[in-house]
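Given below, in the form of structure tokens, are the structures.
What follows is a pair of complexes built around subunit A, which joins subunit B in one and subunit C in the other.
Up next, the complex of A and B:
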């Protein structure tokens, strides 16, 4: 049997329980272990590692739905959407959609919103570093170039607009915050806009005012300085001041 | 205000904020050193000792595992050795 077929057969057995017997035909039995049991060891260990990983990725969801439900859902997710990248950190984005479609969560979709936030934190943490612009160079630009300026948020930035207070729910599950809100006191109907980004080895997560949210969203859609001036008028210098000081704007382009 | 005036005012605001954040970043950037021999299992900062990444140290106070500390701290800790870059 060619190596590729052998590998594919084993992968099928790892993520599809009904393929286990097929792969076991390629494996010898030894001692008290049948060939199926020996392939099963690989299946269990792969699932175990991925479960640990998903639990570390979605700790607040895990708290909210409980170990048993999380485990069952995670195992069926793995079988439906096994990893396709050799880099483990790429895995798990689809878990959010999987939760969103889960029949048991249809009345608790706010939990899915929290999962979105947790994935954004993970993705922001694993974003490749980028080079920041030297803003002193803005001084030398002509008026025409100034009007065409576009600004970028950090590459790690995730802007999430949620119909549920995801930041407060997340905070309520953090042990190290002494003044954290209590989950039962949070109004689940309150909308929140959240920005997540990484600066060096620090992950920032903050709620945004409606004005800051609208501004950053427009910035992220690559509006030019002249379009920004049109949209935000006198507010613009102030919006930029806040965004620059908070580290929300990382670079600019004049093209 | 005309668009042109808004843009001029905005660029001034960006210039001022950029200058401010550079100054703050420089003030805050602490000098660090790698300190070995004092790390709890699983709390190391990065690759060494035959494993690839942070959090993989298998036992407490392994002399080959390190964490990043503010410069000058390591020599004050019993068992700590500064790792030469």
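Up next, the complex of A and C:
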């Protein structure tokens, strides 16, 4: 049998349980383990590697749904959507959608919202570093140039608007926060807007007021300074000052 | 620039220990960086790896080349690996004599090859291409295995020796993997050691396995077992006091405990030639 066919048969068995017997035909039976059990060791090992990885991406979801449900769902997700990239960090975004479609979670979609937040944290951590603009250069711009200014959030920034208090739920599962809220005291109907971004080696996660949310969202849509002035009027200086102070604005462009 | 020499017994760099290593700069002979965790160009992960490489001699060790696969090489993977190597200046780059991808799927696990003349030709050509892409000689590691193919006509030691000779690459001899595979396939691990040509071996790996009753599983989650220490002493006598690395990927202990395990390997070096 050509190597190509052998490898296709074995990898199919890793992600399709019903292919185990077929792949086992390629393998010698030895000792107390059957050929199928030997292929099964690799299926378990591959799934184990990916399960460890998904658990590291979604630790709060894991706490919320429990090890057994998480494991069962993760294994089923792996079989439906095996990794296709050698870069493991690319894998797992689809797990959020998979959870959202899971029949058992239809009455607990707030858990899916927490999963969105956890993926955003992962994505923010792995975003490529960028160079901040030199904001002192703003002073030399003409009025016309200032009107056309566009400001950018950090490339790692993720703005999440959720009908669920995802930040509070996430915080309730962090061991290192002494004043963390208790999960049972959190009102699951409370909406929260959350910003996640990375500043060098530190990941920031914060809730935003409705005004700050609207402002950052408009910035992210590449509004010009004159458009911002029109939309936010007298609030603009304050919104701008808070955003700069908190590190939410990282760069600007003049063209 | 010539890389810093790799001497003595080092440890695999794990994310849990990076801040402590950078803050305390403990005396570690060398560190092995898991390439696959640092392949996003310009990421914070790479910043860490670059900083580590500024303070310690390093090697790069990966799982993603898929040297034995029949799928085409992932060019982006090699480009990023080469770029990382240019930044870290490792003494060498290693990966496994196995395959990880087929059919467009990637297992992220180390899958064994059938040991045949045809596979030797295929893998040799792939290793040569990988060496060309990376512009350096590769070091290939023997994997633990839990199955043998009906197709195989050679022993694993015959296979790896032929590949290393024909591809002109070096061997990273994982002593734990030899022991695990020997148990799982009922062969004599000493015969394996005795069959590997001395001039090809560049480095040793040591790690802990888990006894599952029916088989040994290479989990890297335990201290090195006594039988593997015994086999390691034989390896030292045959191949000399080559650089040795303790791998620990699950149930990761404190840095102190990990360094203590590396110290045991150092003592074995000393006693082997006392």
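In this text, the second predicted complex is superposed on the first by the 249 of 255 C-alpha atoms of A that agree within 3 Å, B and C clash if a C-alpha of one lies under 4 Å from a C-alpha of the other, contacts with A are read in each partner's own complex, and residues count from 1 in each chain.
The criterion applied here is as follows: a residue touches a chain if its C-beta (ideal position, glycine included) is under 8 Å from a C-beta of that chain, and two chains touch if they have at least 3 such contacts.
Predicted, not measured: the structure shown is a model, and the values here were computed from it.
**Q** If you stack the two complexes on chain A, which partner ends up touching A:94: first (subunit B), second (subunit C), both, or neither?
**A** neither
**Q** For A:139, is the partner it touches subunit B (first), subunit C (second), both, or none of the two (neither)?
**A** Once the two structures are laid over each other on A, A:139 reaches subunit B alone.
**Q** May I ask you to decide whether A:26 touches subunit B, subunit C, both, or neither, giving the answer as first, second, both or neither?
**A** In the superposition, A:26 touches subunit C alone.
**Q** Subunit A residues in contact: does subunit B have more, or subunit C?
**A** More residues of subunit A are touched by C.
**Q** Would you sort A:240 into first (subunit B), second (subunit C), both or neither based on which partner it touches?
**A** After superposition on chain A, A:240 lies in contact with subunit B alone.
**Q** Show which residues of subunit A both subunit B and subunit C reach, each in its own complex.
**A** Shared contact residues on subunit A (touching subunit B in one complex, subunit C in the other): none at all.
**Q** Hey, which residues of subunit C end up touching subunit A in the complex?
**A** Going through subunit C, the ones touching subunit A are 36, 39-45, 47-48, 64, 66, 68-70, 74, 77, 99-109, 111, 113-114, 118-119, 122, 146-151, 184-186, 214-215, 217, 250.
**Q** Would you pull the subunit B residues touching subunit A in the complex into a rising list?
**A** Against subunit A, subunit B makes touches at 1, 3-4, 6-7, 9-21.
**Q** Touching subunit C in the complex: which residues of subunit A?
**A** Within the complex, subunit A touches subunit C at residues 1, 3-4, 6-8, 10-12, 14-15, 25-28, 30-33, 35, 37-39, 41-42, 45-46, 49-50, 52-53, 82-89, 125-129, 198, 200-201.
**Q** Flag every residue of subunit A that touches subunit B in the complex, lowest number first.
**A** Residue positions touching the partner: 135-136, 138-139, 143, 146-147, 225-226, 228-230, 233-234, 236-238, 240-241, 244-245, 247.
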